[in-house]
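Across the two complexes that follow, chain A remains constant while its partner is chain B and subsequently chain C.
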Partner chain A sequence: MGLLFAAPALVGLLVFVAIPFALALILALTNLRLGSPLPLEFMGVEQFRRIFADAAFTRALWNNALFALVVVPLQTGLALGLALLLHQNFRGRILFRTLFFMPVVFPLSLVAVVWTLIYAPGPSGMMNSFLTVVSFGAWEPRDFLHDPLFALPAIMVTSIWQGTGFQMLILLAGLQAIPEELYEAARIDGAGHLGTFLHVTIPQLRNTLIFVVLVTTILAFRLFDQVQIMTQGGPRNASTTVMFEAVQAAFSRQQVAAGAAMSVVLFVVVLAVTMVQQRFARQEREIQ
Partner chain B sequence: MPRLTRYTECVVTRIRPVCSFGLVLLFAFLVACQREETAQPESSGATLTVWAHAGQSSERETLAQHVTRFNQAHPELQVEVTFIPERSYNAQVQAAAIAGELPDILEFDGPYLYNYVWQEHLIALEGLVSAELQNDLLPSVRAQGTYRGRLYGVGMFDSGLALYARRSLVRQAGVAQLPTHPAQAWTVEEFSHLLRELGGNDADGAVLDLKFNYPDEWFAYAFSPIIQSAGGDLISRDGYQSADGTLNGTQAVAAMRALQDWIGKGLVDANVDDAAFTSGRVALSWAGHWEYPRYKAAWGDDLALVPLPDFGRGSRTGQGSWVWGVTRYCRQPRVAADFLEYLLAPEQVLAMSDSNGAVPATGTAIQRSPLYREGGPLHLFVVQLSEGYAVPRPQTPGYPVISNAFRRAFADIRTMADVQAALDRAVEMIDRDVRDNRGYPVVAPP
Partner chain C sequence: MAVRMSRQLLHYLTLMVAASVFVAPLLFMVVGSLKPEHQVLVDAGSWRAFVPDEVQLNNYLDVFDRVRFGRYLLNSLFITAMIVLVGLVVNSMAGYAFARLQWRGRTVLFAAVLAIMIIPLEAIAVPLFYQVTMFGWRDTYLVQIIPFVANALSIFLFYTFFVGLPRELEEAARVAGAGVLRTFVSIVVPNSKPVYATVAILTFLMQWGAFLWPLMVTSGEAVRPLPLAVATFYGLPPLQWGDIFAFGVMMISPILIVFLIFQPWFVRGVVATGIKG
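Let's turn to the complex of A and B:
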């Protein structure tokens, strides 16, 4: 009976997730091209061998890992900080909440286009002039999006700017669910701000934090829009990602099988990462 | 749980089920009606489906007007045109091709013609398009539309690529006479010297706009002529089997190093706002025919059109634009050909050239065009296209990969990477693709 209720969702998962993945796996073992009169051939693991021998793909994997390692803690930390600030009761709280959430509402491609203009090279570019003012003239103007060192960090900043609001709202909801009595008890016991934060807030937020970190990690591996619009893989693969390489292979070079192989590898990597995360940080579940 | 009032109870137990049932009946009725409406009679074959790219709005309007007038003149035949966004046009055509859902007449970007013919989507236009029309076409348009000796596509216009220059600034830099014919083009040494002189007079030092803000296909279109001018090419045109020695040979590397040198010296503007030339930041702009209206409006008589520099074997430039073809799904190729002949008549060609500023594809139309005829401001483009200075992009089904490989190499070269290594990587990508496709053999008779 329970299975019957879950059936529509299960069917959806099967049709839109499981079957396409199985197809991708099968395609990755062939030499399928987008539109080719040549017969389809079985290639075994040749496609996988090729993509791992491709410098662009291995760099993409590394970039994805670096991106996740940097963005997840930064974005979660920033979101937590903002949520804590907004949890206070002060005038204009709702206005600030709306302002911090607004970047999330904009389509990612729009954000990428605007940030491309912000990162304009030369002293008149917005980011360059901002950094020059803030550093009292010590900053030398750079072309962020075409600099091998700054391309990926530039994309990181854009992503954090866009995504923090969403995490902030989830963490704010989690904060609001913490019962007030715990804070009172902590105050009575003489805990300071840091003590309250470490021993009351964080443990109570555990489930929410784990969820936020998990979702941000998965999204970090899906990085595509900013790369496509801002850097197109960046100078010498400095900012390319697995999704970008897969789309380039499948649609620009018409090598669907190579793209399929890349997406299979991505799936395995993300699965491994989430399984590791689950092992180290199990969410607490109340059993009734 | 409070006991339901009598009224609510009545609604819940009697009226609501009746209403729900009624809604379900209404829905079923509407669905049935819908199905009846869409069950059209079998197409009598008097409709031609056409796909076109949604370019500038003036281009779209002109084409829509052409179609309307054609429909009015041929009441027994209806042409239906669908506009598809330009950015994803090629991908959508490929997807439709795989599903076997291509229209009767298809417009597509010239360099993809060879790919579509190889996939057997297009039929040859030999017996369908009149010989006089074929002879009236610009040599470049004919060359682009021909694959393995047969004509598969005809374009209403071709593209022009050259250097737009500010006369006054170039004169200040010490060059009094601007070349007007490709045979008089500046050599790369003269051009580099001019850039340095201009840079000395310029506020931020950047004097050349290479349209770095343009998307993908621009790079193969605009910068492969440099390599061809130096004596190399994107791929060896003898069989189209390998790019080794051609794209990464000494001449190609030298040409790209010269370009990289300009970038390294800060002579090239990034053009993020696409206004480097119009706002006066740069004196030279490496651009196509589509920029003429904007540039003319900004600088009037100070605007000059100059052929691209000569990197060793003569000035070379790009060519190629949108092309019309008939797919093999068309059941009335004769009628489709009539439509193409109509589109390529001088009035229609001129109207399109007026709306998008491109080079008209037929000799008769060129003679009547104020911009492109002998003595007109853009006649240089016609000279380039008809006297062999314009080189078609490689006519091979593997062109998409070649374009992608060159774009990646260019992106690396732009950031001061080693030119030889970047071009070697591009060659490897291209050669491997040709090998994977068994050298793009002819799979079926054309």
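Let's turn to the complex of A and C:
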């Protein structure tokens, strides 16, 4: 009876997650290319050797890593700051929480389209004129999305705008779960604002923070929608990502095996990040 | 007193600055959608971008002239609703089986579900595409619904909730002669509304914006969902930002209304993802 109850979901996971996953592993070891005259062959790790020799793919991997290195600390810090601002008693608390969270319900594709106009080139572009004003005229207008130096950072800013609210809510819940006695005890011990933050808030929030960092890192490696819409990976691969390259390989060039190999690399990264997180979380439990 | 006042003022000021950053792009879109096309670009570089003048609805009419907006909206609503509803049934049953029922293979399969939870769609999208092509499912609703019904995270969330439910009610029902299915439907489900709401909201949030998968599996516009449609509309010449913004406003309004009404549930849904951390 138990198996019967679980069967529909289990069959779904088997057919639409486990089998394609196994298929990715298998295809990555072949030379499958649609419309190719060559016979299907087992090639071992040849496909992996090839994609790592491909400058666009290594650039993509680096871009994802860079994206994670910049966005994870920035977004987590921003989300924590907002959560701390909201974790007080004041009028309009719910209103501000709503405003900060609102971008999360926006589909990424719509966000990407709107931000494309925000990044419009020339002095009359919104971002350009904003930066000119705040820099007192020192800013030189750029064509952000076609500038090798600015394309990826532009996508980062867009992603932070959309994603911060999600992290903020999780951190806010974490803050609310911290027992008030701990703060009182710290105050009795003579700790100031900074002291209670460093010795009560951060340690108590540790697992939540680890989780938020994990989710944001994984999302950084899944990056696709914004790239597809805003830059198409350009200019000259400056903003390409692993997923964008995988889709290009599999669909534009019909190189199914290469696309599969890239997917496998993506999974290995996600797995590694998850394992590191588990390690940190476990250490925490041992300490307690 | 003065110190407290100024601290409060600073607190509000910081909040306002932060809020304006979050609201500006949305306001830009809404205001721009009401302006004549030539005005949108002219105003984009100044505060005028956020102030409507010459309000008119031509952009909205344009959208309906140029594309089948209603169709995309229905597609999105139908696809998301099906994933959410069928998913609730299927995943809650699985969660219940793992939490309460005794059966062979339960432990092993639960470990498998937990392992599957970390595989992102992106890592399997390419082979999954060839698989559904073999099924002959391209360009259908089916291909956008069925692969996403069973969800490891949903199963896990149901599992944790059901494990924490007191057993007494179920035991009473069983003693009174109710079968497993009967007990589940008439005792467990009515007492588990919070987890159903949480999973529903979470699934909705994750599926509503689906872009990569529809981009891969749909080519015609008959089954195309909104997130993909807005991108293709953006690429459809002539490039008219007023129209694109009108499209965006119409696309986001229903979900924004749902969000504002059910906000506490959205909060719970998001927080629930943090539980496993």
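The working rule: the second predicted complex is superposed on the first by the 254 of 288 C-alpha atoms of A that agree within 3 Å, B and C clash if a C-alpha of one lies under 4 Å from a C-alpha of the other, contacts with A are read in each partner's own complex, and residues count from 1 in each chain.
Quick note on the criterion: a contact is a pair of C-beta atoms (placed from the backbone, for glycine too) under 8 Å apart; a residue touches a chain by one contact, two chains touch by 3 or more.
The structure displayed is predicted, hence computed values, not measured ones.
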Touching partner for A:L117 - first (chain B), second (chain C), both, neither: both
Touching partner for A:F42 - first (chain B), second (chain C), both, neither: neither
Partner chain(s) touched by A:R236 [first = chain B, second = chain C, both, neither]: first
Partner contacting more residues of chain A (chain B vs chain C): C
Partner chain in contact with A:N31 - chain B first, chain C second, else both or neither: first
Partner chain in contact with A:F211 - chain B first, chain C second, else both or neither: second
Which of chain B and chain C A:F90 touches, first, second, both or neither: second
Contacts of A:R253 with chain B and chain C, given as first, second, both or neither: first
Partner chain in contact with A:H146 - chain B first, chain C second, else both or neither: first
Touched partner set for A:F136, first chain B, second chain C, both or neither: neither
Contact residues of chain A, present in both the chain B and the chain C interface: 116-117, 120, 125, 251
For the chain B and chain A complex, residues of the former touching the latter: 91, 94, 97-98, 115, 118-120, 204, 216, 270, 272-273, 400-401, 404, 408, 411-412, 414-415, 417, 429, 433, 436-438, 441, 443-444
Interfacial residue positions of chain A with respect to chain B in the complex: 31, 33-38, 116-117, 120-122, 125, 143, 146-148, 232-233, 235-236, 248, 251-255
Chain A to chain C touching residues, read off their complex: 1-3, 5-6, 8-13, 16-21, 23-24, 27, 82, 85, 88, 90, 92, 94, 96-118, 120, 123-126, 128-129, 161, 165-166, 169-170, 173-174, 207-208, 210-212, 214-215, 218, 222, 224-225, 228-229, 243, 246-247, 250-251, 256, 259-260, 263-264, 266-267, 270-271, 274, 281
Chain A-touching residues of chain C, taken from the complex the two chains share: 8, 11-12, 14-15, 18-19, 21-23, 25-26, 28-29, 41-42, 44-46, 49, 90-91, 93-94, 96-98, 101-106, 109, 112-113, 116, 118-120, 122-131, 146-152, 155, 180, 184, 205, 208-209, 211-212, 215-216, 226-228, 230-231, 234, 241, 244-245, 248, 251-252, 255-256, 259-260, 263, 266-267, 270-271, 273-274, 276-277
